[in-house]
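In order of appearance the chains are A, B, C and D, and numbering begins at 1 in each one.
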Amino acid sequence: MTTALEILLKLAAWLLLAPLLPGIINKVKAWVAGRRGPPVLQLYYDLAKLWHKGVVLSTAVSPAHVIGPAMAWVAIAGAALLLPVGQTGASFAFRGDALLFVYLLAFARFCIALAALDTGSAFEGMGVAREVSYAVLAEAAIITALLTLCVQSGTVSLATMLAPSAGAGAALLAAGLFGVLLAENCRVPFDDPNTHLELTMVHEVMVLDHSGPPLAAILHGASLKLLLFAVLLTEAVLPLGKLSLLPAIGVLVGSAMVVAIAVGLVESLLARLAFRRVPLLLTTSFLLCLFALLVAWKGGTP
Amino acid sequence: MTPGWLLLLAGAGLAAGIFSAFKSPRLWLVTTLIGAGAAFAAAVLMLASGVTWDWRPGFVIGGEALHLQLDGLSAFFLVLLSVLGGAGTLYSSEYWSDKAHPDSAPAGRAWWNALLLNMGCVLLCANGLHFLIVWEIFTVCAYFLITRERQRPATRAAGWLYLASSHVAMIFLFAFFALLAARTGSWELGPMRGHPELAPLFWLALIGFGLKAGIFPMHIWLPSAHANAPSHVSAILSGMAIKMGIYGLVRFTGWLPVPPSAGWVVAALGVTSAVLGVAFALGQHDLKRLLAYHSVENIGIILIGLGFAMIAVSHGNAAWGQLALAGGLLHVWNHGLFKALLFLGAGSVLHATGTREMSRLGGLWRAMPWTASLFALGATAIAGLPPLNGFVSEWLVYLGLFDAVSGRGHAAIAAIVAAMALGVTGALALACFVKVCGVVFLGLPRHEIAPHVHECGWRMRLPMLVIGVACVVIGLAPILFWPALATAAAAWQPELANSIPPAPLVTLGAFHLALAALVILAAAFLWRRVRRNGLSRAGTWDCGYAAPTARMQYTAGSFAGIITGWFDWILRPQRHEQPPGGNFPARAGFEEHTPETVLEKIIEPAGSLVLRLSLAVRHLQHGRVQSYIFYLLLGLAALAILAVMGGAK
Amino acid sequence: MNLLIGLAMGLNLVALASSRLPSVIRAAAFQGMILGTLPWLLEEDFHWMVVAVGLGTVMVKGFIIPNLLRRALRAANIDREVEPLLGFVPSLLLGAMATVGAAALPNELPLLHGHAQTLLVPGAFATVVCGFILLIARTKAISQVCGYLILENGIYLFGLLLINTTPLLVEAGILLDLTVAIFVIGIIVDRIQREFDTLDTRKLNTLRE
Amino acid sequence: MKEIALIALPLIFAAAAFAWPDERSRPRLLPIVGTLHAVLAFWLLIDPPALAAHAWFGFDPLARAVLPMVSLLFLVCSMYGVTYLQIRAERKNRIFVTALLVMLGLLSLALQAQNLGVLWVAAEATTLVTVPLLHFNGTGRAFEASWKYLLVGGTGIALSLLGSFCLGYASLMGGGDGDLTFSSLNALFIQMTPVKAVLAHPWLVTAWVLLIAGYGTKMGLAPMHTWKPDAYGEAPGIVGALLAGGTTTMAFVAILRVKQVVDAAGGGAMTERTLLAFGLFSMFAAALFLLGTPDYKRMLAYSSVEHMGILTVGAALGGAGLWAALFHVWTNALTKGSMFLSAGNIRRAAGAQTEDKVSGMAWRTPGSARLFIVGLFAVTACPPFGVFFSELQILLAAFKTGNVLAATVFLGCLLFAFFGMTRLVFAIVDGRPRAAARKTHERFPELPGIIVPPLLFLALSLWLGLATPPLLHHVWVAAAKILSPTP
């Protein structure tokens, strides 16, 4: 009973905190640009509004257009349950849950992609093609990162993998994962979340024809995903396993802030890359993870 | 009923099917289904009891006493065979009906039963000679099934390519079994790890069985054969026939000693097949050809599992070998199931629209919702996504690899490479099946396909449904199937057997269950929410363009463009571009075709070289009798030299 | 006796050198007659069977077959030229070389003392080789038949080594077979001539890869 | 007594057939003789007579191991012949039938011959009697084929005569009294004093070379095979079957007998080396020809060359290989027979025999086309037909004797032959049928008389493979044991 309650509490925490991150990022961007910018809680307002809005469906779409986002949202939420928080560990922890984590995110991608293709629009097709193609490289990077942690800790369970710090290779790993984070969440320099030219979009163009509650699910899922990556990045680098719950949460929140600010800074300082250059950057982050792996292999002891 | 009687019943049913195939299709259907059911029962019985069924009747065939044996491994494969066989039987009764194919259907039914029967016999034979015989017969049966539509030159070419490469495999198996018999002095098969001198034979087996399994450089026959065969045949070919190659490898790596490098080679081949197979698949525009290349990919995944299991054995039974093997074996089942599902789905698309060309299809979900949703299910499974079966087996393989890594043993580095390859393969497969589902079933029809597009009848739908359910069940309750895996593993390597399922598998199953439930709930909830908020219809956002047409949708080629670009070095796609020009561009065109590189760049040149040689030789037979007598003299001289040479020795 | 054999060997060269069919036939026929007489000289004791063999040989090789060939020649009224594939001089040289080689041969092959001083073996081999040269180097069917005839002569010559040891039946059988062989060839030639109105076997190459 | 009947019976009936007045009923003699002959042969197979020493011919183990096959082959072919000659009523069949019967008699003589001379006489006579069979069709092509057959074959047979003389002379050098029966030759050479052995050796080598060249020509080993494609291509299917199954078998038996003698004189290494080399070369050459030939009757000829190569390889492997080779004699002859007969049907229906003119025979002559395809798989060593088992046995022998290289070449040749044959056969059977041929009423009348015999052959091949009679197996092994000096 208590465990069930605990799980529900954790889940609630994840879901509630998630929309905060984009707000922070936007705030940082506005601040850098010298504007006041939207309130930090803007996304909450948007979600609430969307949830009550009516829906306009394309004449071409099938039920998948609506079902897809729901499935994706569930998958991401499920992934959240696998991510340990400090000492208490995750709600679900077992050997190999790291892989489940990765594949749940992949499942989410699959659903969103099909929902997007459902409209039969060339724009969505374009976006999906880009999304799934870049995901290939991102996937390689994440698997490499997991391998690094596995070599580091000698286990295959996130709870224990993330407990110790990545040691010598931590900086490399952090850089690599940060690149993956930007790519997977479609931030600059891979994608510009608030561009207005369909031809240059990746993620935005996929949700072009969504509206109302489905769009809300997609947006919330995206923010949750961002949060997941931020936490994963933090725990991979910092030895949170040794802290007790509250300090751990504190550190987590703080570092999530830091990540958000970093993203914001990157977005305001860098420009979007040309599409042909994107694979290059992703390969770079993959290589960073690979080097981290090598460092761990040489330095770490089983 | 003991397995023996059930198997007898199965054989009788299939044989009866062969004879009733021409006269009465209904009788054929019944007898064949009974046969498949009996085989299924026998296999399950054996797997449940774990008792090997061993039968040595007196009578002699071809100079060797008959010896049949149903042990864990053969039972494991027999399950798959009987399920796919039964499903395909029912499916074909509508798909390849007498009405549609009056002259090829009856013989097709007979060949179908012969194929099932002989594949079953291959699984049962414990005598090298008989193994060889039924193996070749099943190969030939498959040829006649592939060339059902032999009026089409493409089919004939595909069929001949299949026949030729199968015969290459056959020649290697000839050598393999003959050497085995020559060295051991008997045709009896069985565990003989005590004879290290037999280890080199593994290489013969690898080529012989690898050709059948379609491992990467040896896969040349696979795409065209699978694409041109009737779909239920493609399903059994891809689901079962290529697994026979895997069966051979597993069986003989279990019975015979292998050279130390064997495991590494198998794993390396697996990695190559997995990555390149899916890369080639991405380049295809022909639905069934694409699926065929995915068979290469999945065979690769299976081999990664098997290879690491072999490495584990050769390094003293590391625990992770067990997981890798379990993953590989389970993937045999899984790939058999979802690939059959996908081929049957492709079959009903072909049946309805008459084309395999994806760029002509689109928006089929309206006309054929059942096919569309089942195909989507299969796609999710083959992309290795939770909560379906594809993920379970890949996850087991992953687990084995990660354990190998964390163990920091000899295999760690190799495991790292394999794990990365597996990850990339998964992502590529996902991309590929997003493309397939999106282009074929979603969006709008790209061409005015014949108006008679219709959902397939229940006899085609039911088999797909059954297989789909099987995929889901394996995904949600993998724990149920662990005993089967353990029994099979025990038959392969007693040391690797472990009847206690790994704890994580239980948790994974629970998680999958929860996930599936929540996914459905959420979907329903959101759908209701949308309804409540009220929904209105409008055209897809066209960015203000006045006259959007269905042909402006993203096509298969353009979708995969980015990734195929990365693999240009091996895919060698041929592009014919006709860019729009001038102020008022007339018609522009762009077409792309990905050839079978290994075949067209390596095999065919070599073949033409041999043909040129034979042409040169044939010129000697130019019809002038004087020179014929001269050849005679030459022969005489050669003989004399040979003979005298010996005299000198 | 060696004189006769030498003569036979000479006739090989004549057959090789002669540019007209009748002379080739005549050479072959004359060679046949010589061979026919040889058994009588070979046998000390006068055995009637040997006489019969000799007579038969003379009749067949010397008269019947040549007449047959001449008839074929007349039936297909064709020019008498030989039309060699290989020129006369080269084939003559080859033949000469073969003869010399054959003369050197017995040093390699041990012989019974009875045969050591005869020219039987060299003659036989030389004749066989010359027959082959005719078979290979001539285009006309008739001249090929003659080549075959000379080949058989060579073999017969060799057979004489065994005439007093092996039962004569073998010989008789051989004789019969050879005659029939040539006879059939004659018929074939006749037929071919009806079919193709020529005796040039170069025309006989429709069957080919 | 019965063994003499084996020879005499066909010859007597041949005379009768020659005298027979009626064209239509004459062919009926063929199956009658065939049946009688087969009955006799199998009777002898079951209880073989004692062999008289120094007899010129007799039913010895080797004859026992092959002669019944020839008789069986002739029986089935003769059944085919009746219908065939009815279809071909426009040609006079007096000579044809007579020649067939004479051929049977001579084959029985040659297979039973225990004497070098008799063997040669019989071989020569078969060569001659084949000629009228070859130009049965009376076309120009047929004449050309028989001319080439006679010239090349005659030359070969002449060489073998020379070889026989050399062997005889070798026996003289070895101190023999000129008795040319094989038994006495063996006895003589086995207990030959070293001095005499030195004297006899050159003659033995010469004899071996000449005899192999001569009988090899008859058997059709490359490069002496040149007459084969022409002859098989032009002859009626029934003649092709008898040539490929009977005459070649005779030549092979001759080679085996000579090999036995030479081995007895201690030439074992030489004979095996030469046979192996020539067998493999024949297979190789045949495979190359098969890859490209467009003519399906010539294809059968090359396939026959290939199988002669296989036989020779088997013989070269001694012991185990030898009995496998005798096994292969049976399987090959019977399987090949079915292909010749069905090919003959197709040829008559299509009126042409090259792939550019013939296609879609599966619609034109369904029965023969099916038989042809099954025969194709049977003859390319696909189980469960006999050829598969015999070739597997030869392969086993090769591996057992450690001839891995030979085995590799062997397998490679099998592979290429398979490529060539399947390509051609499926092209003519499956290819899109000619517009005219698609109409059903143009279907070629496939009378049971021309469908059942090839079917029978396939059944026999199947039976030989799956359920090899122990008696036959025993007979082959016994013959091999006698033939190979090193057990």
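Keep this in mind: a contact is a pair of C-beta atoms (placed from the backbone, for glycine too) under 8 Å apart; a residue touches a chain by one contact, two chains touch by 3 or more.
Every value quoted in this text rests on a predicted model; they were computed, and no experiment measured them.
Enquirer: Which chain is most remote from chain A in terms of Cα centres?
Expert: In terms of C-alpha centroids, the chain at the greatest distance from chain A is C.
Enquirer: More contacting C-beta pairs: B-C or C-D?
Expert: Higher C-beta contact count between the two pairs: C-D.
Enquirer: Please compute the C-alpha centroid of chain C, do the same for chain D, then give the distance between them in whole Å.
Expert: 31
Enquirer: Nearest whole angstrom, what separates the Cα centre of chain A from the Cα centre of chain D?
Expert: About 78 Å separates the centre of chain A from that of chain D.
Enquirer: Between chain A and chain C, what's the gap in Å when you average each chain's C-alpha atoms?
Expert: The mean C-alpha positions of chain A and chain C differ by 100 Å.
Enquirer: Could you tell me the distance, in whole angstrom, between the mean C-alpha positions of chain B and chain C?
Expert: 69
Enquirer: What residues in chain A touch two or more of the other chains?
Expert: As it turns out, chain A has no residue touching two or more other chains.
Enquirer: Quick check on chain B: which residues sit in contact with 2+ other chains?
Expert: Residue numbers touching two or more other chains: 618, 621, 623, 625, 629.
Enquirer: Can you tell me which residues of chain D touch two or more of the remaining chains?
Expert: Only 147-148, 151, 155, 229-230, 289, 292-293 qualify.
Enquirer: Considering every pair of chains, which are in touch?
Expert: Those chain pairs which touch are A-B, B-C, B-D, C-D.
Enquirer: How about chain B: which of its residues touch chain D in the complex?
Expert: Counting only chain B, the residues touching chain D are 60-63, 129, 132-133, 136-137, 140, 147, 150-151, 153, 156, 159-160, 163-164, 167-168, 171, 174-175, 178-179, 181-183, 610-611, 613-615, 617-618, 621, 623, 625, 628-629, 631-632, 634-636, 639-640, 642-647, 649.
Enquirer: For chain B, which residues count as touching chain A in their complex?
Expert: Those in contact with chain A are residues 362-363, 365-366, 372, 376, 380, 383-386, 391, 395, 398-399, 402-403, 405-408, 416, 419-420, 422-424, 426-428, 430-431, 433-435, 437-439, 441-444, 502-504, 507-508, 511, 514-515, 518-519, 522-523, 525-527, 529-530, 533-543, 550, 552-554, 558-563, 566.
Enquirer: Help me check something: in the complex, which residues belonging to chain C touch chain B?
Expert: 85, 132, 135-139, 144, 201-202, 204-209
Enquirer: Which of the residues in chain D end up touching chain C in this complex?
Expert: Result: residues 117, 120-121, 124-125, 128, 131, 135, 140-141, 143-148, 150-151, 154-155, 158, 161-162, 165-166, 168-169, 172-173, 177-178, 180, 199, 202-203, 206, 229-230, 233-234, 289, 292-293, 298 of chain D touch chain C.
Enquirer: Show me the residue ranges of chain D that touch chain B in the complex, using the header's touch definition.
Expert: Listed in rising order, the residues of chain D that touch chain B are 147-148, 151-152, 155-156, 159, 201, 205, 208-210, 212-213, 216-217, 221-224, 226-227, 229-230, 269-270, 273-274, 277-278, 285, 288-289, 291-293, 362, 377, 382-384, 388-389, 392, 395-396, 399-400, 407-408, 411-412, 414-416, 418-420, 422-423, 426, 430-432, 465-468, 473.
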